[in-house]
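The chains carry the letters A, B, C and D, assigned in the order they are written, with residues numbered from 1 in each.
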Amino acid sequence: MPDIDLKDATSFDWWTDVSIRFSDQDPNLHVNNTAFAVYAEAGRVDYLNAMRRHLGIEPRSALVSVQISYVNQLYYPGDVRVGTRLLRLGNTSYTLGQGLFAGDKVVATSEAVLVFFDYEKNASRQVPADLRQAFESGARLVPG
Amino acid sequence: MPDIDLKDATSFDWWTDVSIRFSDQDPNLHVNNTAFAVYAEAGRVDYLNAMRRHLGIEPRSALVSVQISYVNQLYYPGDVRVGTRLLRLGNTSYTLGQGLFAGDKVVATSEAVLVFFDYEKNASRQVPADLRQAFESGARLVPG
Amino acid sequence: MPDIDLKDATSFDWWTDVSIRFSDQDPNLHVNNTAFAVYAEAGRVDYLNAMRRHLGIEPRSALVSVQISYVNQLYYPGDVRVGTRLLRLGNTSYTLGQGLFAGDKVVATSEAVLVFFDYEKNASRQVPADLRQAFESGARLVPG
Amino acid sequence: MPDIDLKDATSFDWWTDVSIRFSDQDPNLHVNNTAFAVYAEAGRVDYLNAMRRHLGIEPRSALVSVQISYVNQLYYPGDVRVGTRLLRLGNTSYTLGQGLFAGDKVVATSEAVLVFFDYEKNASRQVPADLRQAFESGARLVPG
């Protein structure tokens, strides 16, 4: 797969809109950095739920790590548009890539590593074959 | 003014939509009660900003008290529609009434008492004459 | 029971310390009003857990309403001391009273109405006899 | 500098205690991943404020990126101990390394990249000479 530019809105087909709240702001008069983590999670969960609905894949996962790069300030009021896509696929783990946008302007990018997890067996699970096939069949996976 | 039923969506003309976030939930698998306070603030600030834009009134206020009544459970995902209206008007203070709705179903009502405040003089201000006139001229005030 | 002054720290025997976080602040350079709701909840849950441990009472409840009065500004950094006490006792419902303090200075008071709830039967429960006896035997109930 | 193990509490001399709040939890009955970002920020700001107080350095910075690795589940109630240290020092940027602990058990590590920033000139600043000297004089910098 060619390099994906998470700052480019055309990299994404799945979008989650999150309304910015007054209390997301901090004394620096912008949206606090930790609110970005909340927006990113809102996008991730929405994407994984779409995976369940549209691909019939049970996405129950454990979060391994989250990385957020802050590109531009974000201001109240307004909405954040969170683009989410599958970026990499391992044996049991996968990486979601995200771009956070205020209108057309990117404000942050994020990568999250997760492992498919079986909470009853308390163990990681193999990446579902359907997901691998869908992922490898094209440049991007679009749930829905 | 006749009694206003804050559980009735027709009591409101000004609406603020807030998207529910995954992290608004708590271990009881519903939206945590403190998130309702955040939604109510989002609606209040939006209403006061509309007052500034549409009535030319500077709404800078200090918050005296907030009361929230929980009527129904609220669940992720979805949006909360927050209706806000002016409920009472004193000499320096006023009360905003709110209804929080999930679709057509009321999930909470809220009343907030605020005082118009002059932060440079560190003192309360008289309710603006324009606002009193607008309020007393009809059953409801609609900014915008 | 004589009137209880929730602004008076001597009204409370049960205390919960909550550390103020940078992100609790808002653009007004003070702690946002919605963080007070979070502090109050932290105190309520801590008090109810103490009731379970020390009085053998199962406090599982549903929240009916929360009222917060803002008395003084609160600033980062520091701790909030939340005092919690049982204020009123009905047949199935009860009221917790709280005072929030920064050092010796009261910053807010709060009252929350809850009903003892049986989530399996989806119905309110009678106030436990042990709790009524303990409450009526003295001016205040001290779990622990 | 030898490799620093952020999972090892002995790597840190500066500690910030943060109390876990009921509302930090999510439907998975553990502390939500985004609360870790809030804890990490609480530690970073506390560390930078100590730098100001004890080293006379103005630490006003802009946040470039935050990375969090989730090592163990974290549960309510209790406190999180956040250890923070200077990890790397560039010309205008620096990296803070953090370990988050529940008692003796590491629950997460975090790295944050920041740039010293002059908000009046809207430009990055050189790392203060005092800070470089202090940093290069020993394996670790201890504000205070």
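Throughout what follows, a residue touches a chain if its C-beta (ideal position, glycine included) is under 8 Å from a C-beta of that chain, and two chains touch if they have at least 3 such contacts.
Bear in mind that the values here come from a model prediction, so they are computed numbers and not experimental data.
Among the remaining chains, the Cα-based centre furthest from that of chain D is the centre of B. Here A-D and C-D were compared by C-beta pairs in contact; the pair with more is A-D. Distance between chain centres (mean CA atoms), chain C to chain D: 32 Å. Averaged C-alpha coordinates put the centre of chain B at 38 Å from the centre of chain D. Chain A and chain D have Cα centroids lying 24 Å from one another.
Residue positions of chain A touching 2 or more other chains, listed in rising order: 22-23, 32, 34, 38, 41. Listing the residues of chain C that touch chain B in their complex gives 32-34, 37-38, 41, 62-70.
Residues of chain B touching chain D in their complex: 22-23, 25-27, 29, 32, 34-35.
For chain D in complex with chain C, the touching residues are 17-19, 21-23, 38-39, 41-42, 45-46, 49, 77.
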